[in-house]
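You will see two complexes here that share chain A, one where it goes with chain B and one where it goes with chain C.
Right, the complex of A and B next:
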């Protein structure tokens, strides 16, 4: 047993060092910065930020638009999940709904804003189809639309997942007991989903509140807190102290929302046995849900349709002849092509090191007998990384590593991504490792294998599909993220998303959309590859177990 | 077992492979390259690239663009810790950054400028502001052509105007300088309020955005850079420009070399010289205002009403005008 924990402790020490240097120290320095004024430690910066015109308004705007968006997203995600689980619409339609709901995940948020402009703007694609502008896109409406699309995937995943665990037999029970339709619906679907719906609301709220990409493109004069933070730091007359204060203010609702999420976790209903039942026939229900869901996914897809149109015409909207010149121009431009390579490199490296970090951390908590305190440290790190918005991490890095050797390196961006997205991969790994038989390591040791061999030969092969999932999670997120890297990317380390922000300054939408398409296709390719590998792994495992059974 | 191992190893190996290949390309040679930060517009960037590429500096530099406010912020905040070895930027920003951080070296080559400039910078472009219109939109909506910036505040132009925000773009400063010198600060506020009301959400971050909005028909009238509108008109787009009664104010952009002590790159100074020697001809075609001895401008390109702000331009003055502008924005 002693032997086993030695390696675990090495892993633990390495992880704590990583998070101490690249999370704890930068965050403490940021906190410190917010309390230091021109005349020593004071609340000066806080007072100046709160007194400034527009800050209170921006904060209020952020709360308003984030809550409305979160509510809308949750309602829409519920509708889609309901259509999948509780109606008899054709299976193919169901998988289409699922695919469309998850699609926005594969694109950076800054792209959504531009697609909204080019879909619903005065000269937008949809505006032209309808013959008039449907609504004013700048400000609240644009943000709402952007945020809803942005948070739909995560909200849908949450609700769809929980719905899969609701035992539909209770519907029959409820019906037999003579409940009417509405109360049956409330009791058997809404009640068990309550925790998840709340979680979806909070998670969406958190994402909207801290996102930078969407306000950067369609915010208009509707200021939100992410915009204020950007202006304080990279505006024409920057004020680092005020920036630090805004970051701190942004942190508070984030921390609160994650704490509530943790609390809600306990109320998650899990039925131990899921019975497959035939849903009773109800054509009206199927049609209504089917049509509404179709409208939603058409909406989502039509917003993105423009990405496939604008870069392939000469000069939208005046000269709409088909051309490939914009696409070839991007590939011919060394600088743009270099940026694509940078993104790919960053995403791949983030995936490799992120997966190692998540795997190592999960080994400590799920497959070792080390002191509970050490395990709690890892759990704490995961919780903290989940609460800190990307922009705040980026800013903390900017303060801490400016002027050091790692400034403007890929290393710093990769570490930033690994830390920023650590929470979800860690939880995925932990759940997967915890499910495995606890005595494998002991058995293996008795058989004479050392710990590393056991991990490589026994534990890892059984966790392959989760490892691939984690790898793909890190990869996709590193491809689309902008909030943290905007503060730390240098000229040699530009990635696609920060380049898009730069191109926005010159209103070069053709290039923006071509680069967005590149991100989309890269992510689709990566996802399908990992999916394929994971499936193959599962198939071989299944065929092997069949083989074993036949042998018996 | 074997299979899973293979998959994992393959995955790990291939991703590490990608890392090293991509990383390799970005390796040591990349480190020696001179990093140039610039807030310049497309035309100027292209001209500078041509000058460098045709004179032996091809592939020896990385040119990184920024918005004026972003680069300004970086200069003030990062000082000589900044990644760049050479910057081109609005001259007043370079002056303020130098005053605050002492971050630039004196140029070691001679320049024959028409006006006097500090020893550490040399001008690359001068840009003038003008009112721009989309002629088709004006006709379609039966709008009269404005004659002054003040006219943009007229209620008949509601939702038709696009201007820039002085908080992020120096082009807006050209507009505000014109208003302040003509009508005084209080008078300028009155006009600005009206303009912002008409602009609604079209208060843009980038100096070239109003022109793009006008070009795309999102707005009928804008305030932007004169030479860009002239180029659009030339190319046959439904765009025209008007020299406003308040005057065409201008800003210059200059190049300066960072002083990083022993880490300074020799080539940065050579590239600055190369740009001065070889880019001006192409720059002058796009930005037709003479800056150096021996340069002339075609009469057709001459703006109708060139003027200069009475106070020296500094970041402090900019800050004052930003506050003036902010106080005019609708709640």
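Right, the complex of A and C next:
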């Protein structure tokens, strides 16, 4: 096939420029900053950071709590996914489990911390329900609980997805060959999931290691590396060079974990065909899994229950009469209302530009015949954006764009989000485009379409549901992110999550919860809207194809 | 002997099998033939034990096995896509069942099977290095090692092309004869069913349309379904092939 690829090259050039200016240069400057001391280039900052007693401790703490959390999350996510795919629990319960497992995605991590405080703290909702405090929430326990809730959706999505692609016919083969329950389980479920379980562990580890929202609220005296970074940058005695060093140290495990993930990719078992089978009847299994899963989702939901209670009572926990005064107060407060508008605007703009970037990049790699080297550049960019923690990229932006015209603008926040979350949307787009018939462009061109017309008339309409998914992914993530924007949101461009961090300083928890609810409802509304649009699209497509069939 | 007596099965109140009764004799090759959605896969699942019948009974050698779980029945199946374990090599797949029941086949018996199916040179290969026909033979060997009382084959030829198809057909026949093994084959292809089996069970809309020897089906089709859907297809094929060969004969004749 002969193609000129002119348009593709324009897209490629534009993307490369975008990522060069807003990813490569800032990261290099960050690296540079970490090596520059008072007396020129030196290892001074590194030495000073490593010598400080708290740093080693915080790094160790981060590793410890992130590993324990990742292990716990993976086990819980496996249980939930197993209940959905391998038990005869009623279908409605299954969709409830799925919904509850994904719910935490729609809230910023900083909110989890506060809901943990208000659930399990001395005056917490659950503490009062149980009559005593279940465990000390500040430090390891609180972080563990927060991280597990935070990473549960991602871990669940990964495992649930792979389980859906396991050919369940193998269970029949295994049983008929005389395997007992345990070896059938190992052979037909654990073995094909091995890669995904490891991926879930690493991904969760990465998220916990780099998250800032949860330690900001329930970390207490248990210092983790994200907290150190925040203190170095925005604490009482800021030291930007040391901050850069901490960011570099944070980057290393992140890069390592993503590389391991890439490596694990090839261990995934691929089945040629997925067959649906009737599951073996086993009431004991159904009950045990059903009850355990119910416990898990009750746990998750009960932690969030407090957000629906605290802002609607006069003064928790002393005066628990129902009132809407806090909610109306937020809407009456111009500053807070303005922050909400900022968040909405930022998220919407991030979704639009992010989707365009991901779509353009996917067109280059999945639907063009350009040189393999150009494609590898795009793949490399996606991989790199995946490895860089939000806080690190935020910090790099702070160093690179302070004093320039873009400082304290929405533009910088939007670009930061587009780049920070680029990897997943790009992969979603690429997979969807790659699945489409490879001859469409050729066919359309033979019919007289030019490239842009083909993309608009053939490729885009067939990718609509993925485009909507990508749009929704960018929107929701831009709504909830705090790590990436904490360093670059200015007074005028404050978004809800950074405002929450500020409100924490003044102990204004009612406002915090009202704002969190706003984020939750916005995300729920956005998700349902996109879901509805995607479904409608699919339905019309299906009915169209039916119409064509009957016509034939 | 396998007997089904008044077996019925519905899914979500839609009847899939409506009152099926039949006998299959020991060592017989029987094909279950019918269009997609006729209930033939459900019938296979019932015999194997994946699915329970709503009513009616299944007997094997006079013993009622209707409520016996799949693994106790001692039947075995080769799936259409073979379901070979991708993480094990050919030999490990073939001897998979021996890990659980080492006494079931001796190593001589395994060797014999490997030889019969022509797999000697492939034993150390990974599954994804095999062609469709080779995978089919590995799956057959894996199942045969378990010495099943009944061998079930789900669309054994549909994923294979021309010449391989014929050779696998021969292997299936050889194995059935050699081991005096009752073999039940599910297929949607009349040619396959009629050339491979001792008797053919034609199923349509959940009921038995005709259950007879191939020659009886050809010469005494019982109803219009058998005539229109089964025989017509074969006649079209026959005519196409005849005309093809006649042309060749004519062309050759011209050359002389």
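Methods note: the second predicted complex is superposed on the first by the 548 of 552 C-alpha atoms of A that agree within 3 Å, B and C clash if a C-alpha of one lies under 4 Å from a C-alpha of the other, contacts with A are read in each partner's own complex, and residues count from 1 in each chain.
Just so we're on the same page, a contact is a pair of C-beta atoms (placed from the backbone, for glycine too) under 8 Å apart; a residue touches a chain by one contact, two chains touch by 3 or more.
Since the model is a prediction, treat every value here as computed from it, not as a measurement.
Trainee: Have a look at where A:345 lands relative to chain B and chain C in the superposition and call it first, second, both or neither.
Mentor: first
Trainee: For A:461, is the partner it touches chain B (first), chain C (second), both, or none of the two (neither)?
Mentor: After superposing on A, A:461 lies in contact with chain B but is clear of chain C.
Trainee: In the overlay, answer first, second, both or neither for which of chain B and chain C A:240 touches.
Mentor: After superposition on chain A, A:240 lies in contact with chain B alone.
Trainee: Now for A:402: first (chain B), second (chain C), both, or neither, which partner does it touch?
Mentor: first
Trainee: With both structures placed on chain A, which of the two partners, chain B or chain C, ends up touching more residues of chain A?
Mentor: Between chain B and chain C, B touches the greater number of residues in chain A.
Trainee: In the overlay, answer first, second, both or neither for which of chain B and chain C A:335 touches.
Mentor: After superposing on A, A:335 lies in contact with chain B but is clear of chain C.
Trainee: Tell me the contact category for A:439 with respect to chain B and chain C: first, second, both or neither.
Mentor: It touches nothing on chain B or chain C.
Trainee: Identify the partner contact of A:180: answer first if only chain B is touched, second if only chain C is, both if each is, neither if none is.
Mentor: Second partner only.
Trainee: Starting from the residues of chain A touching chain B, keep only those that also touch chain C in the other complex, and list them.
Mentor: none
Trainee: Which bits of chain A are touching chain B when the two form their complex?
Mentor: Touch list, chain A to chain B: 53-54, 57, 121-123, 136, 138-139, 220-221, 231, 233-238, 240, 317, 335, 338, 341-342, 344-345, 348-349, 351-352, 402-403, 407-408, 410, 457, 460-461, 464, 467-468, 471, 490-492, 494, 502, 504-507, 533, 536-537, 540.
Trainee: Which stretch or stretches of chain C touch chain A in the complex?
Mentor: Against chain A, the touching part of chain C is residues 45, 48, 50-51, 70-71, 75-77, 79, 81, 83, 85-87, 96-97, 100-101, 142, 146.
Trainee: Which part of chain A faces chain C closely enough to touch in the complex?
Mentor: Residue positions touching the partner: 167, 169-170, 172-173, 175-180, 183, 187, 191-192, 269-273, 275, 277-278.
Trainee: Which residues of chain B touch chain A in their complex?
Mentor: 1, 3-5, 7-8, 11-12, 15-16, 18-19, 22-23, 25-26, 30, 33, 35, 37, 41-42, 62-70, 72-74, 76-78, 81, 83-84, 167-168, 200-201, 203, 205-206, 208-209, 212, 216-218, 315, 318-319, 322, 326, 329-331
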